[in-house]
Structures are given as C-alpha cells and as structure tokens.
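Notes follow the structure.
The letters A, B, C, D and E name the chains in turn, as written, and every chain counts its residues from 1.
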Amino acid sequence: MIWAGIIGALGIWAVGWFINTRLANGPQSSTRFVQLLVPIIFGVTLLLMWEWLVRMLEVSAVILPAPSVIGERLMQEGPRLWADFEQTVIKGAATGYIIGGIAAFGVAILADRSEFLTRGILPVGGFMAALPIVGTAPIFVKWLGSDWESKAAVVGVMVFFPILVNTVAGLRDTTVMQRDLMRTYGAGYWPTLFKLRLPAAMPFIFNGLKIATTLALIGAIVAEFFGSPTVGMGFRISTSVGQLALDMVWAEIVIAAIAGSSLYGLMAWIEGRVTFWHPSQRK
Amino acid sequence: MKSILPVLTIIGAILLLWVLAVIPMNMHLTADQAQRDGLVVSPDTPNARQEYSGFGLTLRNPALITATFVQERPRLPSPHQVAVEMWNTIVLQKISSKRSLVYHGWVTLSATLLGFGIGTSLGILLAVGIVYNRAMDMSVMPWAIASQTIPILALAPMIIVMLGSIGIQGLFPKAIISAYLSFFPVVVGMVKGLRSPDGMQLDLLRTYHASPSQGFWKLRLPASVPYLFASLKIGISASLVGAIVAELPTGARAGFGARMLVGDQYGQPLVTWAALFAAAITAAALVGLFSLLERLTLRRMGMVQA
Amino acid sequence: GENDVTLQLQWVTQAQFAGYYVALDQGFYEAEGLDVTILPGGPDIAPPQVLAGGGADVMLNWMPSALAAREKGLPVVNIAQPFKTSGLMLTCWKDSGIESVADFPGKTIGVWFFGNEYPFLSWMAQEGIPTEGGEDGVTVLKQGFNVDPLLQRQADCISTMTYNEYGQVLDAGVSPDELITFMYEDQGVATLEDGIYALEENLEDPVFVDKMVRFVRASMEGWKWAEENPEAAAGIVLDNDETGAQTEAAQVRMMGEIAKLTAGSNGALDPADYQRTVDTLLAGGSDPVISAEPVGAWTSIITDAALN
Amino acid sequence: MSQQTIIHAQGLDLTFQTNDGPVHALKDVSLEINKGDFVSFIGPSGCGKTTFLRCMAGLETPTAGQLTVNGMTPEDARRARAYGYVFQAAGLYPWRTIGGNVKLPLEIMGFSKAEQAERVARVLELVDLAGFEKKFPWQLSGGMQQRASIARALAFDADILLMDEPFGALDEIVRDHLNEQLLQLWARTEKTIGFVTHSIPEAVYLSTKIVVMSPRPGRITDVIESPLPKERPLDIRDSAEFIEIAHRVRDGLRAGHDE
Amino acid sequence: MSQQTIIHAQGLDLTFQTNDGPVHALKDVSLEINKGDFVSFIGPSGCGKTTFLRCMAGLETPTAGQLTVNGMTPEDARRARAYGYVFQAAGLYPWRTIGGNVKLPLEIMGFSKAEQAERVARVLELVDLAGFEKKFPWQLSGGMQQRASIARALAFDADILLMDEPFGALDEIVRDHLNEQLLQLWARTEKTIGFVTHSIPEAVYLSTKIVVMSPRPGRITDVIESPLPKERPLDIRDSAEFIEIAHRVRDGLRAGHDE
C-alpha cells in the first residue's frame, strides 16, 4: 500500500513533469496561454499527488484531508467563507494595507528631505520590521480590542516598514547625472520630487508594495488567533482546528492563498503599467 | 559609523513618543487602581471613566501621571520597565537558567539557524533549477509566491503533527517552519543574481567553449554573491520569525515564542515585551553579522570599492 | 515499547496538570515500570489531532471537544476522569449592570473557542439568548488566552477558570466585590473537563490496556499526592516549566483550586456526570456539538482494573 | 575689441576628499570666456575637463579661486537658468518619451503648454528627430538618444551651452553631421559654448578657443585662439592652417602625457 | 600568392525576429579572410559589424549562406578554441583580479598551474600591465581595463583574434599607443585579426583589408586592400597614400549614410 502510494505519486509527478517540459521547450512556449498553462499543470500535478497519497496511505482526515474533500467544503461553505473573507481581508487587511502604505509613504517623503533622518530611519526601520508578529499581535488586540481595528493595526505596522524602507531607498536611487540635470534647470525640491525622484523610485516602491501584500494577509489572519469576533478567516482556522474540521481549515487556506496571490498579481500588473520603462519590465 | 548619531536621534524620538504614550495608555488602569487604594479620582466610577479617552482622563487627574509609569501590568510598559526586565533576565540570570533570556534566545536561535540552513540550501537549489530549467522556471514561481500567502500559524500545527506522526520531534519541526519562511527571499534573490551576468559576460565564456558547470562556478555563482547576501539578510530575520511562530504549537516549552505566549497568558506584559525586544535585537544582530560577512566577502572578492 | 507512554496535555505546563508531573517526579510511573513523556500543549495544539497522528498515546481533553472529535470520525474514548467538578465560569464586571443571566442581552462576552465554546453555546441556547449580538442577544468575542478583554473593559464578561484566569483578574488588583461570577456547575451546564482519553482501536490491544491501567493508577496516585501536598506539587510543576516565566505564587494558588476539582474523583468516570455532559451538548443551539447520543465514548475497564 | 566677458575664472583650485586621500582635480585654473565664444576643452582622461565644466555650471564648488558667470556666482546663474548642459551620456529619463524628455525643462521653467509643444517640435526638428517624439529612449539607438539630449539642452534657449563629450558615442559620419549643425546653430544664435572632446579634429573644427589641459593635478597647459573663419565647411579640415593647429594641440596633449 | 583562407563567408544572411517584426541585420555578405590578414570593419551604427563578428565566432547563427572557419563550422572552430574575442566594453569580471581575469580562459581550457602563471605574466607584460596583476578592475582606468581584456584574449594563443571596437572609450594618445602595440603583436605572431572600429584613421592605419559596410539591411559596400607596408610608423598617417585610402573609406561611408 505504502509502496503503491509512493510509486503512484512519483508516476503522477513524472507525467506532469513530462508534459510541462514538452510545453516549456516547445515552439509555443512564449505564448500567454502556455505561460499560464504550465504553472497550472504543475499545481494540478501536486494536487493529484496529494489526493493519491492521502487515499493510498489512508491518512486520517483529521490530519490531512484530500483535495477533493477540501473542494467539496469550498463549494458548500460559500456564504460563511465570504463572510470570513470580508471580515479579514476587506475590513482588516485592506484597511491596514492602505493606512500602513500611506503612512509609510508619507514618512518616507518626510524623511527623504533630510539625509540625517534617512540614515537614522533605515536601520531603525529594519529593527522594527524584525519584531515578530506573534509578539505584536496580542499587544494590538489588547490595545484596540478584538474586532478588525486591531487587525488593521497589526497589518498597518507589518506593511509599514517594508514600504518605508523601499520607498526611501527608491527615492535615493537616482543617478548623479539625473539629479544634476535638474540642478542645471534650477529646479527646486518639488519639481525634482515629482519629475525625477518619484518616477525613479517606482520600481522600489512596487517591490515594497508586493512584499506587503503577502504580509498583510498573513498579518490579518494571524492576529485573529489572539482574539476576534466570531467571524474571520483566522477565527475560522483556529476554531476549526479545535473541531478537527481540517477540511474547513484548508478551505480557508485556499481562499487565503488565492486572495494573496491575486493581490500580488494585481500589484505586479499595476507595476508593469507604471514602471513599463524599467529594464526588468522590458523584453 | 556616520549613522550612529542619526540612529540615536531616531531612537531618542521613538523613546520620547513611547514615554508620552505611556501616560494615556495606562491611565484607566492606574485610575482604577488609585481608587481602590482610596485616592480621589475623577470621575469616580470606572464606568464613567470609560467615557473619557486616556488623554482626557489624564487632564482630569494629572496627579496620577507618575503612577502610570510603574504599573505592574501596564497596557504599555514604560521603556525603563522593559529595560529593567531585560537586565534582570539577561544579565542577572545564569545563562543556563530557564529564567534567562539568553537561554531562551539560544533555544530559538538553534532552530533559526538550522531552519535558515535548510531554507537557504533549498532556496539556492530551487533558484539554480529555475535558472537552468525552463519548465521549472515557468511552473515554480507562482506557487512559491502562493506558498508565502498561506498563514504560517495555521500551517505550523499541522506540520508539527505530521512530522510528529512519523516520529520527528524537537528542533527539527521548528526548523522546517523556519525554513518555510526563509526559502522564498533566497529563491527570489538568487534567481535575480544567477541571471545578473550580461550577454557579454556569457558570450565571453562561449568563446572559450566553457561547459555549463564552468559557467555556473566561474560566472553565475560569483556574480550572484551580492544578491545572495541581500537575500540572506532578509532570510535570516524571516527564519527567526518562523522559529518563534513554531514555538507556540510545539508545546510552547522554551524560546522567545514560549516566553511571549506565557507572558501574555499569565498577565505578565513585561515578560512579553522583553522577549519581543530580545527577539528584535537578535534579528538585528544576525542581520548585522551578515552585513559584516557581506562587506568582508565582497571586499575580498573585489566587488566593493575600498 | 510496551512501557512507554506519551501524554499530550491540553495547555502549557501549569498546576492544572500537577498530578502527572507529580507522578513523574515522585517516581510513581517508574514504580509501575512506565517510562512517561509529558508533552505540554499550547494555543494551537489540538490534542485529538496529535493522538490521531500517533504523536501521543493518551491525551487530556475536555469532554465536549472529545465527543466532537468522535463525531468527526476520530474514535477517542474516555478511560479515566480525574476531574470531578468543572472549574469553568463567566466572570463579569458588576458595574456593567449584570446581576443575573437575564441581564446578558446587549452585553459582550468573551468565550474560548477551540472546542471550549460548546458548553457556553448550550447554556445560552437553554436560556434562549441568541449569540449573534444585537439588543436581545449577546455579542461573543473569541477570547485570547488572557484576561485583558475584561481588564480593558472590551468585554463585560469573560470566560475564566477558577484556578487560573479568575486569580489573574484578582492579581490585577480587582477585588472580588467588583465582580460577579457564574459557575457553569451552578448553571447546570457543567461539562466534564480534563479527562484522560485514548484511541478506541488501541484499547483492543491487551498490552496497551495493561499499560493504561498502570498509567491511570500512577496518575491518580500523583493526583492524590498533589491534593495533600499542594505547595510541593506546585514546586514540582515549576521545576517542569521550561519557560521559566511561571511564578510560584500563581502555581500554589492554582494547585489549591485544582485540588477542589479533583477532590471528588478517584479517577473513575461517574456515568451521571457523563450523561449530564451529553445532555447539555445535545441541547445545544443552532450549531449542535454532537447530533446524536454517542456510543462507546467512555469505558470503565481501565479504571476498574486500576482501582481495585 | 570690446567683447563682453561671460565667464571669468581666476586661480581656481578644486580638491576632492576621497577615502584614498585628497584628489587634486583642478589647480590654478584661470580662463576668460567671452560672449559668443566656442571653447573646446581637450586633455587626457582624468585631467579635470568635466570637473571644470561642472564648476562653471555651479554643480561643483571650487575649493579656492574666483569664478563668476555673467558677473554673478555660478549658483545664481544656475538659478537664473543661464545654462543648457549636455552630459557625457544622454541621461534621458526612461519613463518619459523623447518629446516628454525635451519638454522637461520647459515644464519646470513654466512655459505655457502651447509654447512647450512648439519648442519641442522645433528642437527635435533641429536634431533630425522629428517623428520620434512618442518613442521611449530605449527604443532609439545610442546616437539618437544623444541627439535628443542635445535637443533637451537647446529647448529653453539658455545663453550658455555646456557640452561634455556630447558626440563621444557616435560614428564619424553622424558626428560630422552634428558638428556642422552645431556650428550653424552657434552662428545663428550667438550662444556661448563650452565643449569637451577627446577628438583633436573635432576641437579644431568647432572652436574659437581651444583649451588644452593636463592631469595630476588638472591644469591648463595651453590656450589656442583659432584663426579659422567663422564659416567652416567640412573640408576646412584638409587646410594647412587646420593641420597646423591640430599639430599644436597634439603636441600639447603629448607633453601632458609624457610628464 | 598561395595564401591560406581562414574564414570563408558566402552569401550570408541574418534576420533577427523581434517584437517589432524582423530586423534584417546582414544581407548577402561574402568575404574571404586569409591567414595573417588584419581586417577592419567600418560602417555606421547598426550596420551589422558586431553581428558579422559574432557570426564568425559562432555566437550567432546566420539564417542563410555559408560560413566556414579553418574549413569547419564556426561552432566547431569555437569548440576547438580558435578564437580570442575582445568585446566593445572591457567586460572584466569584477570579482577577479586583473591576473584572475586573464587566467580565466586558461582555467577553463585546463592549462597547468605553472603554465597559467607563466602566460598571465607574459601577456600582462605585453599590454604594459605588469605589476597590476593583483588589482581589481575598478582600481584601473578605463584604458587599462581595456588592455587587460586584450591580454585575456591573447592569453591562450588563439589563431584568430576578433576585436569589437576595443579602443572606443580611450583618448587619442592612449589609442595611438595601443594601435602601435597591436600592430607589433600582429607582426610578430602572424595572427589573423578581425577588428571593428568607427575611426577611419584607425582602420586605415591598422589594416591590410578594410571592409566598409552599410545598413538597412547590413551589407558590404566596399572592400579595400591596403597598399601600405607592414611596417607602419605613426606618421605614416600624414602620407598621401594614407590620406587617399582614408578618403575612399569616407566616401564609401557617406554613400551608405545618404541612401
């Protein structure tokens, strides 16, 4: 049984891999369709292996449910999953992301006016970013209560530092020549900011924004572990583990991963539009 | 070195803000306590006081300000309280004592380092795969991103149980979680780094008819070193966070994570805050160590000027 | 091996589990020829899951959670019940205007989830109070594992254990006069806490059963020793606390309160207690914990053998 | 001749402080540039040509000596927008189209929309880039980019044009062509031009005054007033006069090298 | 003359497929290069000089036509390590010292340690960089870096040396000096050299054969066999013969431009 499981899984892997290798090295490999298809086949391969292994090795459903079971749960629990999503992602993560992002951006612009402040903020920002969320989340829940406000605060703090550090670094990423050009025009601070430094900083800012999307989601969910109303993805995950409803846990994880990847994708897409000129975006 | 004064200034500003925040944050608890101790507080019932903000209450009871700094269970401890707690648990305890933060630091650090080693190796291998194999390049990256959007605290207990069911316990499960968080920045950085050689540098090797492995060792790998260090610095602090997260579902026995949890559960905020700061200091030290290594290595490699 | 036992606790090391640590420390397990490993729990550990994964041989659990696990297809069986009485209660601010359960509507109440919400939901269902908030319902918070929501007045009531959280509220300087408490025991919705559970399939193995008999016997010996020597027991717990953050005063007090809960039990499950627990859960509101009367959820073979 | 002195440098000294110790980039540099002069700077790599040009533009501050531009400090002249500066590399902003890049100084200086459009069209025409307005810099060849950067410097009609090896990256034919156009522009507008180059023929062909510099520390070793007429067809380069000046420049350069 | 043909190109065509449609980089290019020839390629930017050089080195594959090197395909010649290639920019690996950079091809080709050291010393001597072995690239001026890259191409004694604008970034004096040295090296070793340049005097001064190219699509418009003697002092550039060839090259170039 165990051997059948392992050999079968390897077989599934081999098939998926074979198809992908053919596709990736085939003549159509740079078409949009194939570029989407390959990662999907990869994902499907992993899911099939998972399903196969769980069934063949008879893994208990309270330890690791099969993808098909999780899928069923996803179908059944639509309204509840949506309510959780709304509470955690829309109220908690998005609010925190926006507030943290704006605050970081504002502080970065302020700090950037002085070399002194920048020098001080970057290392201290690095230090603050290293505060682990499992330590800070309970503190914010204590301060702001169980509802989404505390989640937004946790998210805000988590996304603040990566965006700050990237923006500050980006605003400094102009070449001497680009700055001197502005000086020969006798351009003051604001024209230089809007016409040179901000556009030049965009690739960095988006780097920060992308990192921050995944942090925002994780932050909002994890903070619910330390106190929440009776709705939310983190609430559902932690209580469902207690009820051994692992299929529900995984349903929420799937939603989290989809939401996180979509947000990331959205940011990457906007990045492509805004920083089309950057060498990394050109073909 | 030029940064010392600015950093101190920023720290000073933060401390000042912190100290100022302590007063309104702790005012309600302080007023409740003062009333129990028989002092006159205005307004005179806890319920009525709920109507006021911490700030408003401070204005009505300026005499209580000093008391906000010495609460036993403050909402926001004052900096000196945290400092004293850290002094007591770092300096005044034998480092082998379980009351010593150094001891707990070591517990967390060992998982961090093991996890970091695993995560970094995995990250580098994946990056090499992505750079040298087109199919991997196209399939792995979106899933690597998706993997990082999964809330680790949800996954951690399952990893622990699954590893526990095949008889693996102790340091290793923590290290796996820590590796899970640290592999991603390494993959991203190393892919960038291994792809950083320009067409000319690659063509040069083609004119020598160098083999792919020579191309890796003599060009791609050295060219990726600056990127590697940048990722290592992100990866090591991610590892530390991973190890701390993993300490909650492993039975919260020891380590910074366990201290944070227990401090929170038993109403000892100072224990939590001290562990939090100790963790951040550890992270800063690790990052600093890698910065130093980076500088030394890059200088030896001639990749930084002077 | 046939003498190795791994016990999964349901929380971090504290006097709640004193009996087991005492038995270990005083050599009671050794005397039974057992080699016992105690795994502390934590906020993310579901002991039934650990049991299912084979990470432990026995676990401690609250009966509502264990019965729910049975319904999920994980057949765990109660083999001993060292806790006779429930220590669970709601602790409320008096000045919030709560004098009786009838005053709950409109209030905010902190509840532990993770399998521990069931007794509360049953209770509210019995009282006919909705738990979805609003004017005539209560607003439920998922409470973290500390008493801050009460102290910060984010909740009017929170869940506390007599032996732990209630004491923490007092430690924070609050006097009992400012509080009003509702023991689940007094409300008739008490459910059994801290029972010892094993997997049904293992109980078919006589070697395992023999091991459990010795384990329960030694554990009960530990509990009785702890009841008689609360200070020493608290000291033993402290010695076993690897976090080094527990304080002696808190553990001594906890041991005192725990002793009251274990006092009435010799380890054997009282079928009447079991029935009351099941009835409470079956009476549960819209989201019943268990939908049918469980079968085979407990057994007396171990305690019968251990206690004769 | 009662020519108006535009740039007046007297005993300039500039030392950079670096990790490896001070670098003496300019030493005792004195020079007068009159209105309408076309001055070329030539000299081996590192002799301070760029540094001197930057001093004139107020981008670098001399450590000693006097420097006035239109009777004011270079800083003030910069604020008065007296300079068009062309850098050694094109330095176009990649997020702006060619038209947008040329428009940049006009936006900053507050020209009206209509005037902006009109000027952009005119200068792009001048450098043979009409029709490329909407393209992004990376879509153009290096030579075209360099021409766009020249257009950018011309757009706002500064009195003083400072150009740091503007044609270094171009092939000889294009270079000849641009040289001719630059001369025409200069003749037409009476601008004052400071021009850095490595090419001896280019310096001789373009300038009214050739400044030969030598390194370590950077200083002026020769100033040659060109006797060539203002009107210069390309084949003036085969004339005896031209070759003689070129020889003098080469000798000056070689002397600097051999020291 | 029974000279041995080293490179034989017949009707080469090369089209790049790009996002904006195909780019016809080389069209019907035919050329013979004999052993010991010094062939210069000159032409406006984008005419395919680099592309042709890369074809010869087997770094690019023509879409049509025949190309043999030493009687084999360029690929095989590359495998036989027939080429030393000098790129337009120095392209030294920044993490290797100058010595390490020069040693790189020797390591890859498996020379013994002793031989490596001996060769590195010899070629560094040749390009006047003895004593700089331990320095890193950024510690050297641009000209010195370029010389190091030439040393790197010489180190393993390939028969064919392909150089893509190796002296583009240098000032005239240094350039003259390196031109002289390159000629000496070539005279001594009888290597076959392909050399891309934008400078007409440089092409004329160095070559036995000058190939003039013209763009869109890239093709050869003129091949000039130089009548200059092998021994060439610098002042040969003032001779009438020299000036005549230069004129012919310039005319060829201009024709290409004006089309």
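By our rule, contacts are C-beta pairs under 8 Å (C-beta built on N, C-alpha and C of every residue); 3 or more make two chains touch, one makes a residue touch a chain.
No experiment lies behind these values; they were computed from the predicted model shown.
**Student:** Tell me which chains count as touching both chain B and chain D.
**Tutor:** Of all the chains present, those in contact with both chain B and chain D are A, E.
**Student:** Would you identify the chain whose Cα-based centre sits farthest away from the centre of chain D?
**Tutor:** For chain D, the chain whose C-alpha mean is farthest off is C.
**Student:** Counting C-beta pairs in contact, which chain pair ranks first?
**Tutor:** So the pair of chains linked by the most contacts is A-B.
**Student:** CA centre of chain B versus CA centre of chain C: separation in Å?
**Tutor:** 34
**Student:** If you average the CA atoms of chain A and of chain E, how far apart do the two points sit, in angstrom?
**Tutor:** 50
**Student:** Return the distance between the CA-based centres of chain C and chain D, expressed in whole Å.
**Tutor:** Centres of chain C and chain D (C-alpha means) sit 85 Å apart.
**Student:** Which residues of chain C are in contact with two or more other chains?
**Tutor:** Expected reply: 43-44, 46, 49, 53, 144, 146, 148, 152.
**Student:** Find every residue in chain E that makes contact with two or more other chains and list them.
**Tutor:** none
**Student:** Which positions in chain B are in touch with at least two other chains?
**Tutor:** 75, 153, 157, 161-162, 165, 248, 261, 264
**Student:** Considering only the defined contacts, which chain A positions touch chain D in the complex?
**Tutor:** For this pair, the touching residues of chain A are 175, 177-178, 180-187, 191, 195-196, 199-200, 202, 275, 277-279, 282.
**Student:** Inside the complex, what are the residues of chain E that reach chain D?
**Tutor:** These residues of chain E touch chain D: 43-46, 141-143, 170-174, 198-200, 250, 253-254, 257.
**Student:** Show me the residue ranges of chain B that touch chain E in the complex, using the header's touch definition.
**Tutor:** Spelled out, the residues of chain B in touch with chain E are 200-201, 203-210, 214, 218-219, 222-223, 225, 301-303, 305.
**Student:** Considering only the defined contacts, which chain A positions touch chain C in the complex?
**Tutor:** Contacts found on chain A: 60-63, 138, 141-143, 145-146, 224-230, 235, 238-239, 241-245.
**Student:** Which residues, counting only chain B, touch chain A once they are in their complex?
**Tutor:** Per the touch definition, chain B meets chain A at residues 2-3, 5-11, 14, 25, 75-76, 134-135, 137-143, 145-155, 157-158, 161-162, 165, 237, 240-241, 244-245, 248, 256-257, 260-261, 264, 272, 275-276, 279-281, 283-284, 287.
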